[in-house]
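Structure record follows, encoded as structure tokens.
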Amino acid sequence: MILLVLPFVFALAAFLIPEKLVKYFGLVAALSSLAVALGHLAYFNPEHLVYIFNPNKAFPMGLSFKMGYDGLSLTMVLLVNSIVSIILLANYRKELAENKLFTSLVFFMQAGLLGVFLAQDGMLFYTFWEITLIPIFLILYWFGKQDNNSVLLKFFIYTLLGSLGMLLSFIFLGTSVQSFAYNDLISSGLFIPAKIACWISCGFLLAFAIKIPLFPFHTWQPSTYTTAPMAGTMLLSALMLKMALFGMIKWMIPLTFTGIQDIKWLIITLGSIGIVYGAVIAIKQKDIKTLFAYASISHVGLIAAGIILFTQLSLESAIIQIINHSIVAVGLFFAADIIESRTGKRNIYELGGIAKLAPRFGFWFAAMTFVSVSVPFTAGFIGEFLLIKELFVAHWFVGIIASTTLVLGAVYMLRAYQLSMFGAPKMTQFEDLKWNEILVFALLTVSAIVIGISPQCIMNFVKPSIEHINELMVGGLNFIK
Amino acid sequence: MDALIVIFITGLIGLFVGMMKKPVLSLSISVLGLISAFILMLYYKSYESPFGNYNGLNFTPSGNIFALLVIGLTLLIVLSGFNYFKKDIEHTADYYGLILFSLCGALILIGFTNFFMFFLGLEIMSIPVYVLVGIRKQNTLSSEASIKYFFTGSFATGILLFGIALVYGASGTFDLNEISNSVSIWKEAPAMFHVGVLFILAAFLFKVGAVPFHFWSPDVYQGSTDAVMSYMATVVKIAALYSFVTLFGSVLGASGNIYTGILEIVIIASFFLGYVSALKQSNFKRLLAYSGISNTGFALLSVFTGDFGSLWIFLLGYTASTIALMTVSQAIEKIDSEDIKNWKGIGYKNPFIGVVVLISFLSLAGIPPLTGFFGKFLLLSGNYQNHLTLVILALISSVIGAFLYLRFVINVFAKESHAEKICIGPLHITVLIISTFVSIFGWTIILF
Amino acid sequence: MSPSVNNIGSSLDFFVIVAIALFVIGSYGVLTRKNMIVLLMCIELMLNSVNLLLVTFSKYYGTSDAQIFVFFIIVVAAAEATVGLSILIMAYRSNKSIDIELFNKLKD
Amino acid sequence: MAADILLLTIITLPLVGSAIIGLFGKNLPKIIVGTIATSMVAGSFLCALLIFMNLPQSQIVHLFSVINLEGLKLSANFQIDALSIWMTLIITGIGSLIHLFSIGYMSHDEGFYKFFAYLNLFIFSMLLLVLGSNYFVLFFGWEGVGMCSYLLIGFHFSDLEKGTANSVAARKAFIMNRIGDVGLLFALFMLLGTFGTLEYSEIANKLTEIKSSGVSLPLVAIVGITLCLFLAATGKSAQIPLFTWLPDAMAGPTPVSALIHAATMVTAGIYLVVRSNFLFELAPFTKDVILYIGLATSLVAAFMAMRQNDIKKVLAYSTVSQLGLMFVALGMGAYTVALFHVTTHAFFKALLFLGSGSVIHAMSDEQDIRKMGGLAKKIPTTHLTFLIGTLAIAGFPFLSGFYSKDEILAHALIHNPVIYGVLMVAVTLTAIYMFRLYFLVFHGKFRGGQETESHIHESGISMTLPLIVLAILSVFGGILNLPGIFLHKGAHWFNNYLNGNTVGLDKVKAHHLEPNQAIMLMVVASIIALSVMTWAYVNYAKRGNIAKADEDLNVWERLSNSKLYIDEIYNFLFVKPLEWISNFVYHYFDVMILKNGILSFASLIEKTGNLSRKWQSGFLSSYLFWMVLGIVGLISFYILKIQF
């Protein structure tokens, strides 16, 4: 239970710490929550589900406030804790780190995210899904660019609209099964007529498509990413996005499996359109942050299409790709923010020759570009290889469209890197990376390489929980080949 | 029953004490009276009341919790309004007297068993509020508001009575149980009965402020003072809603197929009209009035299921947030809190107000961890079986509402603004803390 | 014992029709007249039409509780009239006129 | 030592080298960095030599398994067999020579340690490509090589005037390779689809089982696989559709072009086709496609090389045309002959590139041959070795180029005389532009500036030693695969060596010319080579006319000089439309429809807000009127309900 309560306590404690010590407190707190998560990992056997809060009192309306984790959600918890500590480390030198309000909001955010991944009850999942919306909104509002009211409103309302769709589906499922607990929802033999099942899965799809963002629902994403502060963009792109993908794996498909079959190809087409669409637009973007935002739309479209196939291999490679996308998102947006904080400009045409002035930054930014272009020995290579294989097996044409991400990805990433880094330097000085920035880049690249070389360690960890979901599935039809 | 008597007596004493021109004394007397009424109402089952009981009033268990809610809210309103009332010394006692008498009417409305008591309760509740609305004599707006409220109110009473008369004509009795028995007996109810029911429905829709009859509420809310408005927006609305649900939920439920169609249209209209016309509002009170209309639409959802528990939770969330917001607007009286532009940056400069405003608006918008969400969730999950379109439209309208509230919160939290630090009186702080506490943890009541 | 308007004998019809006519005239007066005092009078008219209706039904049923209800209605009508007139005076003092059309400052 | 430990050392040595230099190179003196890098590559060359000496039967070394699910087994295991060891020998051998050369060449470059770190990384990924025992490890090496070539080509990204051009060339190379990689990716998926595994040996066994059991071969799948493999090969070995990146890749330093664009990377495509020969044997259609594309490439590239004025550009186009030649051999099924030409080509092309490197070094970084001339006396060793290289590539009798080209021409004659004719045209063109280059650079009078002439000096021992070694190799390279007529028992040693050990090669039926036709062939080839040499000598050295300036080039010369405008065509066909689409989609679709669409929807709601606000007129009579209207509505609704 400490796993979830700890971030709340830190969030409140952040107000009591004097201004100067807040940034040390932030780092120490994030690392200690990571240590707690690792403690849970130490004696965790991937086979069975561990409950951290399991009140056996029957609550009205079928609500059961169960919390617990299995292989899949523990990986996500570890991802959240490590990414939050990396964000605070990256933020260490900026003046924002001294801000008590900012640190407490980040910890509130972490608590909400942990809640989402640990919830074993439909309503609890939905509650934490909405809770995370508040701190990120406040971070973006107070610490982002000043004139971003309309952008923020669009972001908040967009996500809220989606989550209300999910609420409707949860209500429908929960009340017809008389309980919101995950095990009852998933294994209830309740027969939903196909048409309604399709509507329920559309409710879930609306919420997740807006959050991911899938193709037509993505208009909020680029503008929000550019006006947000660095930590805000990282939280949004590296962690909030994963809530939606995790939600698809754990909640959307198992609960409304019959409904998914009808909209399966819709999502795959949306995903693959997103891949090409994001990549093509990213090619001609001027602002480096919008460029990375569209890049992340393209990366994520692939993952979403992979998840919907719901085969053993596609799910595991989707999880690897999720972790890889978090690493890439944090790395790229960190680099974009370094450029913006040191030169004040984000338009890549105005930048140039930074690699000559700051060779260390040039090297590490190159490393991140290669990780994002998924060169061998990085997690992206394995993830994309397997995902495109699954898509290719599902339908050869979708495979071909998905594989364009390799070529187009190289085009826009290298263009961004080369226009900003190479050529004659256009600015007088650009001081090189400091110790904490190098540490962040090093951590990201090393973890990408480690996962790239031995993805098996994650796959074994996650496999039993996917099989568990499949056995519990309605009708237990064993479709995972 | 005894709580009613205690409140009435405190009202009388309060009026007499008022002559001695000591506002604090009248405040303490009314607070004392309210607390003792609260306790009496809490344990009304466990002792034999000295006054004997009168079959015209019986408080069912669900009625009981509503009565507790109403008394609690009046307590909060009385406390938060004290700063304003003590400004003109002679009239502070009048405020308290009128509010307490109106509260008696509200309690009668919560416990009525026949139309006779129902009509009396309604009138006892409404007439003091006509006066309260127009209490600021020299202010033209408040006199105009009280005129509008008086005439629309009495017109609605006329219609109500006409409805009661017709129902009496058809069923021959005023008592609700007998009516419900006769309704269930009739295989095909006489036309007069249905017309009477429709007239009563019309009067109720006026009292509650649903769409075709909602025109009075924005004007009257804007014209009246903050304390009176919070009283009208909470206590009057709760009492009206409760009696609406008892009448149309259970008693006349059998003839339900007639008015469900109409009610659905009314609810959908009040959803959208409330939030949409609030979008362009620049006056804080009118904004709350319009959002009140939509929330009434939401509350009316409980008529179909007749489920008092979910109605209670929803109203708890709604009233807690309204009281909190109105107290904040009273607390920052200095900067003419009626115009929204003056609210800019208040939240950033004094964080306590910021947090209160944030939580109350989020609870109104229905963001999960807060009571507002659970109220809506319970209502929606009760109704999704046979009113699916209604539920979907409710969700869509709550998105517009969320947009509305959020834009306000953004305005309140603006960073660079010339707002300055405001010190809040102790009374206001206590009220704010209680109402925010209720907004956050109010929903845990469903666990016990 | 399910009385309906058309089968309880002709005598009741006339009273009901008169009552309904009074009610309609009252409401029509409230809608159209400008002068507030006349408005008050029309509302009183509506209430009295209800009294008439109640009395006829109580005569028909032979029970007396409706007549008690009528007394209460009269008392309440009186209370309303006093409050209405005082509000009216207050409005006159601030606007120097009791024409209902002038009171339209509260709008959006 | 056991072969598998040797194999692992071969692979890990360059990786360790690049790691050491990468981490500590900054503060090590240049000479130590250079020696570490060269010794690492030389070390793995020695290990390869040791394995080569007592070549065990082909053996698979399992390192660790990347993915093993019940549906998919992908593991990193390596293979020792004749083909892989021979390729390692070439890579590490020529690689170490080039490392030695670049110590001298790059001595005044401040990014010295970075250069060697990238070079070692490049060798490591090339070894991965060659030594892998399944397509997955091959794919690892394939993309790794692409990445390293990006880093190396764009090495001089920061110098002021050419910086952006270098990085654009590097980006072009990377993206073109990436398009090839996509082809390889699809081949892998189809392989997984049809055979369920990516191991070479397992696929070969499955094919033999299918053939023997009489079940119909999945022909469509095999043709698809082979076509995708060939697409990957064109991407990496610069054939017709994807070859424009190679000439631009000359922006990198000369040792890079020597290593990447002569010896190793470009041969990866041919290695891929030779390694999956069992697939290509079953797809005659793809072999014809390879044949004709190879033919077209060699002709087009040779034509372009005729009038290039940059010394490295000429060599680049000659590489493309020689690769075209090799693909023609592959198209005819003569795998071992193609490999033999790869070996000899590696020798003399590396020699020519390093020679041009030392010429450029001497001319203080001047690459335009119109500003050179008469360098023979000034830099004698470079001149001598460059001459040997030119003779070898032109097919001068009894040098290595002569034998390998002769083998390909022999196979062409047997296969189809027309192809033989076209090849002869390509060979003569090669001879023409090579001799033109040689005479313009080394003979006639010096056309460069005064002070560059004063600086011309013979480059140091570390640069001339590799030149000499390569010169010796390109002279005696031919003996590897002497045709039957010269010595009876040792003939075709190279073919037998390869056929014996590699998977699937032994089943390829080799066919030979009868002796007299072979002799006639050699005579014809040597006559052409000699006649072209004398013509060039007369034309350039004697009459002394030099390459004309750009303005007065006649039609075909301008075509050749401007590379048949292929770059502009590609730009017009692919790059411009992509950018236009990107702008169009962004401005119209993303901003116009989606973003504004939603905003206009929101403003619609706000307009209705205004409307409904007006409805609140403020007049009491209108309120009461609406109330009465409401009641009437209720009643009429009720009456309607009663009727129906």
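Some observations on this one:
Each chain carries a letter (A, B, C and D) given by its place in the written order, and its residues are counted from 1.
Keep this in mind: a residue touches a chain if its C-beta (ideal position, glycine included) is under 8 Å from a C-beta of that chain, and two chains touch if they have at least 3 such contacts.
Quick caveat: nothing in here was measured; it's all calculated off a predicted structure.
When the interfaces A-B and C-D are ranked by C-beta pairs in contact, the top one is A-B. Set against the Cα centre of chain A, the chain with the most distant centre is C. Distance from the chain A centre to the chain B centre is 43 Å, each centre being the mean of its Cα atoms.
Between the CA-based centres of chain C and chain D the separation comes to 99 Å, rounded to the whole angstrom. For the pair chain A and chain D, the distance between mean C-alpha positions equals 37 Å. For the pair chain A and chain C, the distance between mean C-alpha positions equals 67 Å. For chain D, the set of residues touching two or more other chains reads 613, 616, 618, 620, 624. Each of the following residues of chain C touches two or more other chains: 27, 30, 100, 103-108. Pairs of chains that satisfy the touch definition comprise A-B, A-D, B-C, B-D, C-D. Listing the residues of chain B that touch chain D in their complex gives 147-148, 151-152, 155-156, 159, 191, 194-195, 198-199, 201-202, 205-206, 212-213, 215-216, 218-219, 257-259, 261-262, 273, 276-281, 400, 403. On the side of chain B, the complex with chain A involves touching residues 362, 365, 367-369, 373, 377-378, 380-381, 384-385, 391-392, 395-396, 398-399, 402-403, 406-407, 410, 413, 415-416, 446-447. Residues 59-61, 123, 126-131, 133-134, 138, 141-142, 146, 149, 152-153, 156-157, 160-161, 164-165, 167-168, 171-172, 174-175 of chain A are the ones that touch chain B when the two sit in their complex.
Within the complex formed with chain B, the residues of chain D that make contact are 602, 605-606, 608-610, 612-613, 615-616, 618, 620, 622-624, 626-627, 629-631, 633-635, 637-638, 641-642. Within the complex formed with chain D, the chain A residues making contact are 154, 216, 218-219, 277, 280-281, 283-285, 312-313, 316, 353, 355-356, 366, 370, 375-377, 381-382, 385-386, 388-389, 392-393, 399-400, 403-404, 406-407, 410-411, 414-415, 418, 421-424, 453-456, 459, 463, 481.
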